[in-house]
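You will see chain A twice below: alongside chain B first, and alongside chain C after that.
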Partner chain A sequence: MKHSISTAAAIGAGEKSGGRLSSSDILKYLPLAGLVMLVVFFQVTSGGRLLTAQNLKLVFVQSYALFLAAIAGAFVIATDNLDFSMGATLGFASACACFAAMVDVRLALPVAVAVGLVVGLANGVAHVVFRLPSFIVCLCMMFILTAATQTMTKGTSMMMPVSMMSFDNTLMKVAVFVVYLAFMLVLFEYTKVGKHLKAIGISPEAARQSGVDIGKMKIIAYMITGAAAGFAGFFTLIRSGAASPANGQTMTTDVIIAIVLGGMSISGGATSKISAALIGTLVITVLGNGMVLSGMGGDAQQLIKGIIFIAVVAVSARGNTSAIVK
Partner chain B sequence: MRRTKFIFACVLVMAVIGTAGAQGAGKKAVPFKFGFSIWGTSDGHGRYVTEATKWAVKAMGGDLVIDTGALSPDAQITSIENLIQAGCKIVSFCAYTGDACIPKIAQLCKDNGVYFVIWDTDITDPKVKQIVEANPYYVGNTNEDQFSTGYDGVAQLAKLGVKNLVLVKYGIGVATCDDREKGALKAAQEKGIKIAYTIIAPEDAKKAMQDVLVSHPEVDGLFVLGGTESYLSPMNSAIAAAGKSGKVRIASIDFSDAMKGMFASKSLDLIYGGHIVTSTFAALMAVNAYYKTPLSAKPYKVHIPYLKLTSSAESEAYYSLVVGSVPPYNADELKKFVKYYNDGLTLDSFQKMVSQYSISDIQARHR
Partner chain C sequence: MLLMGREHSPKDSFDASERGVAMIVQEQGTIATISAAANIFAGRESQYCKLGLLNRKKLNAAASELLNRAGASSITPTSVAGSLSLEDRKLVELARALYKTPELFIVDETTTALSQRGRSILYKIIRELKEAGKAVLFISHDIDELMSLCDAVTILRDGTYVDTLNKERMVPHAMKTLMVGREISDNYYRIDYDPCGVAATAMIVESVSTGALHDVSFTLRKGEILGIAGLTDCGMHELARAMFGLVKPDQGRVKLGDGTVIDSPTTAISRKIGFVSKNRDIEAILASASIKDNIVLPSLGKLQKFGLISHRSERSLAEEWAARLKIKMRSIKQACSELSGGNKQKVVLAKWLANDSRIFIFDCPTRGIDVGVKEAIYRIMEDLKRDGCSIVMVSEELAEVIGMSDRILTLKDGRISSSFERSAEITEATVIQYMI
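Then we have the complex of A and B:
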């Protein structure tokens, strides 16, 4: 209902403005414009180092795990929920994968994804079947997994088998990413799963009355984020060579920041889009990379990060006021 | 004529010798970019260590590039990648997130011909050590002697008459903390001190100390093995609230901003820390390698002494002479640690000069 109202309002606004860009159109393209401005700024301040082929490759590999996690994170956020256990799942899955790799390196990936899937299923079941608030469930899961990872790694970092270093191949990562993105995009935009998840985000009651199995859909959403966190955990492991309690520590907040920076409402709904995860992830990575290339001091780096995040979120929140209020 | 020739020859020889002797002073700095990877600069240690690296790099005519946010192995690698991409020919980092990501960093440095040095940590995993030490671009590391510091802390408390001691550990399985504890336990055994209780990583330090004071009223000593910034002040206020200020003697490792007030109120007896030069000397080790005048053909370790403060006057000296507006070493003093400027420098003399780092040494040089 809200979707149709806002769509009608948007159409009306478009008609009134006579084909010119409305304020909602501007807000829609603001994250992308922000990313472009950021790239131009750092290209200039870094003396042209930012847009070199070598650095673009770096930006891609540095943002890889966040890309994987943020794209999946959009599925849960679309339902107006958050998965606070994503980072801990990533850390736990990478530790399990590291142990599995010590038995046979071929086990690392399936174990990481399976662990993530089971964690996601547990989150979904606890929330849906036992009717526990998703926030509490995920927070508790985060504590459990963090403790488990601490125990497994004995509080320090654990080296993966040296033979696994060859897995960290950029070409392979590109191929996997293309397939992953295509799959998630189709799932989110063109299948019942994606549409139902967005419908739940707009209005759970309306979705229920339209025949959407809310419980099942929510469990699926958590399983997707869990599996993706496990997948990202595997790639984090082969990139760093280490399973560590610190792996994924900032991932949960990074996913949320990326999605919001990318222009998606944290309350989900019809405006949810995969592109938000892509743009937001790039903003975070380019910001970190660009500041170092430009030789900015340590204090300045933290200050600028904070200011940019607040500014973008403030502007995005203003544009999405109607969607946030439920 | 012969005599004139002889005098001329002597003058010439003396001139040559003189030039060689003064070589260091006349040499021009070779510009370079120095990459410094750290977890952040908003905490005291992070801020001071970054400043301490700046002294060295600036004195050597280099340009310091900083990357903050190395909080996980993945982020540590990202940090090093960014620094190399920024054109750094030397990178320096603390293996804060553990050993396991160092082989990847070593490979990155080798692929890009970048020298690297580790500060404030040892590589403990033998497998990692073997891989990293085989890398021609690995210079070495700096670290402090944790065992001896733990030992000395308890030995000093014993001299103050402590018989029943509370130890505070900031983690389990943390090598630095474990080594400090081993030293403390050895001293306790030798000096006949009873470890009444060991508090481990308390979330509420004040409450933890209050509980211990109730359950172990015989406690007359407290030794904080690290995490001082979080624990020292709340634990001291618990001791004060129990009316035991001065009766419970306190020692701690790692400086805290609370120490100034605690020394002034005479509630703190002893504190070890101020090892901010750990990154300064690591930088100078790497500069030696970059100038192709390495101090050793193999990777080496330099021991950094902790500063030991026992009074309000020493605490004030620390704030004015070490982390004040004037660094504890000036550019000329720092150049003595680089063979390019100081021909006679050896690894032994480097370590000897580093070992002199103390409040009295700084006071003497600042006079």
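Then we have the complex of A and C:
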């Protein structure tokens, strides 16, 4: 049934303004511009070795798990929360998948994803139902899962069945990635889930008063990051050939850094978009790969990453006083 | 500002108190996590320090003396403020204010937070200060209190000075009339006096008690504009929130004509109820989101097909309602935070209209809004009424409640104190006597 609002008092129609480039527009394209500059810079310093088919393939394979995880990470960060357990979930899921594969190799993938889903559900329930701060919940989950992984792998590497080697196929990975990206993009941009998560990140109270079921949506967000970490865990396993406590160690911070480098606010909300995860992951990967190719050594990588990260947060925060850790 | 003949421009409230102006307020003014004594001497600890170390014994002894003077000897200076009752915390503030006998003591609506015991302590102190030749500025809307305590009263309305009455001219009726003002001459309210013809029930509030509310019951009819009037703290804002499922009543319930119980905003919205919060910028709009995202948010369920929402359907719904309400904007992609108060409120209305709401709960819908948009909102209310929608309008502006409502309920101390059917005879003075 439509309302017949007809007599709303006449207020002069809004004046249209021209298409000036505002500072928010500049910020919007800054990450992409930064990526292009980075590529050009390392293409030169590496003597043209960055943009070769062989190197690009290597970059893709190396950063595959981070791509998967960062895309999912955008869902939790959109709500102005962080999932600090993603890396540990990845490691734990890959260890579980390795065990499952010893029974039947076909079990590896479903087990990895299921483990991730359960971890995400536990994070979400602890945060929403038991009202614990999400940061504490995820941090504790990280410790628990790291310990579990260490116990399962007895602190060293646990080899996966040799027959699983055949899964590590670049063409298959590309196909999986395209499907995964399309699925997540639709979920984020064209469904209630994505739109509600963004609304929560902007203002939880206003979202609640507009019909967003905050608790349910937050749990869903953690299940998405959990499942994606499990998914990424499976691919980490088949690439490295072994489950080890080292799997996924830097993933947690890399996901956050990638998303912020990609132009999304660390406090989520209106700037949230999947492309931020993609661009940011590329920036991190090109940075690491470019430095190695240019002979700058891996040691300085963390240093440079830290400096760039803090610079980007400083630029994008712009008077935003919201606390990062909740 | 002049204080005792000298320029008075305090940097902050602490500076003011050092200059002899002390104040206690309606809201909590103590720090919950530190002791009563520490609260009293916050910012003034240095006199009890030796070599940078605090002599707690001396501090507590001094605090104990001040609490005695404030008539609150039952409070232990070492107890943590947060563990005290709200009234005792107010008395701690009082002790703090009295530390340096103030030249001017400002009491801002504090008595609403106090029981009879606390009030008599405060009244006693006010009288003592007066006898000592100090001034007291007592801010209140309680006529009885003003009558018994004050020597003169200055009346403000909507931020402007109205009149100052000395003791002889202080008559309760005259004061009320001055507080409320005469009939507003603007005729942008409803001009008809037709009674609400429909008898069908839209919503039932069934003996709801929560916070300030005590056993409130009434029925909202279809096609009715129900005005709710009262003082800010009479519970009317809580009532509005309870009707939208934002507050779960301790007792009683809110249900629709068909019996559906409204227990959450999600249920309320799915049953076509819309809510306009008093706190617009924080609760009613997503400030950094676009006008489009704000308008379509409650309607996403309606827009989805096979679980997917097309950007085109979002755009056309938002365009339609932005145009119908004549929202002043560059485009629907503009951030809501850039709009004026009135246009933000139009976005809030648009979001409920776009969701085909049938019941509207307005909590101070015209607060901080220019006259033009105000009028637009009144016209929308008339249109909605004509369509058979129901409106609950909680408002602190009596003129609009009287001007727009089919029926007015007044709330006093959380209870319904009277009910008026629409008529040309109702004046603000008749309504206000049931509120105060």
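What we mean here is this: the second predicted complex is superposed on the first by the 288 of 326 C-alpha atoms of A that agree within 3 Å, B and C clash if a C-alpha of one lies under 4 Å from a C-alpha of the other, contacts with A are read in each partner's own complex, and residues count from 1 in each chain.
Assume a residue touches a chain if its C-beta (ideal position, glycine included) is under 8 Å from a C-beta of that chain, and two chains touch if they have at least 3 such contacts.
These numbers were taken from a predicted model, which means no experiment stands behind them.
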*Check whether A:289 is in contact with chain B, with chain C, with both or with neither, and answer first, second, both or neither.*
first
*asked:* Quick check for you: in the superposed arrangement, does A:55 touch first (chain B), second (chain C), both or neither?
replied: first
*Could you tell me if A:169 is touching chain B, chain C, both of them or neither one (first, second, both, neither)?*
neither
*Should A:154 be classified as contacting the first partner (chain B), the second (chain C), both, or neither?*
first
*Just chain B (first), just chain C (second), both, or neither: which does A:253 touch?*
neither
_First (chain B), second (chain C), both or neither touched by A:242_ = first
*Check whether A:202 is in contact with chain B, with chain C, with both or with neither, and answer first, second, both or neither.*
second
_Which of chain B and chain C A:299 touches, first, second, both or neither_ = first
*Which of the residues in chain A end up touching chain B in this complex?*
46, 49, 54-55, 58, 62, 65, 154-160, 162, 165, 236, 239-244, 246-250, 288-289, 292-293, 295-299, 301-302
*Name, in rising order, each residue of chain B that touches chain A in their complex.*
38, 40-42, 46, 50, 63, 65-69, 71-79, 81-83, 85-87, 97-101, 103-104, 107, 125, 127-128, 131, 171-175
_Partner chain A, residues of chain C touching it in the complex_ = 244, 246, 265-266, 269-270, 275, 277, 282-290, 293, 297-298, 300-301, 304, 307-311, 324-331, 335, 342, 351, 353, 356, 358, 372-373, 375-376, 379-380, 382-384, 386-387, 389
*Residues of chain A touching chain C in their complex?*
1-17, 186, 189-192, 195-196, 198-199, 202-203, 205-213, 269-270
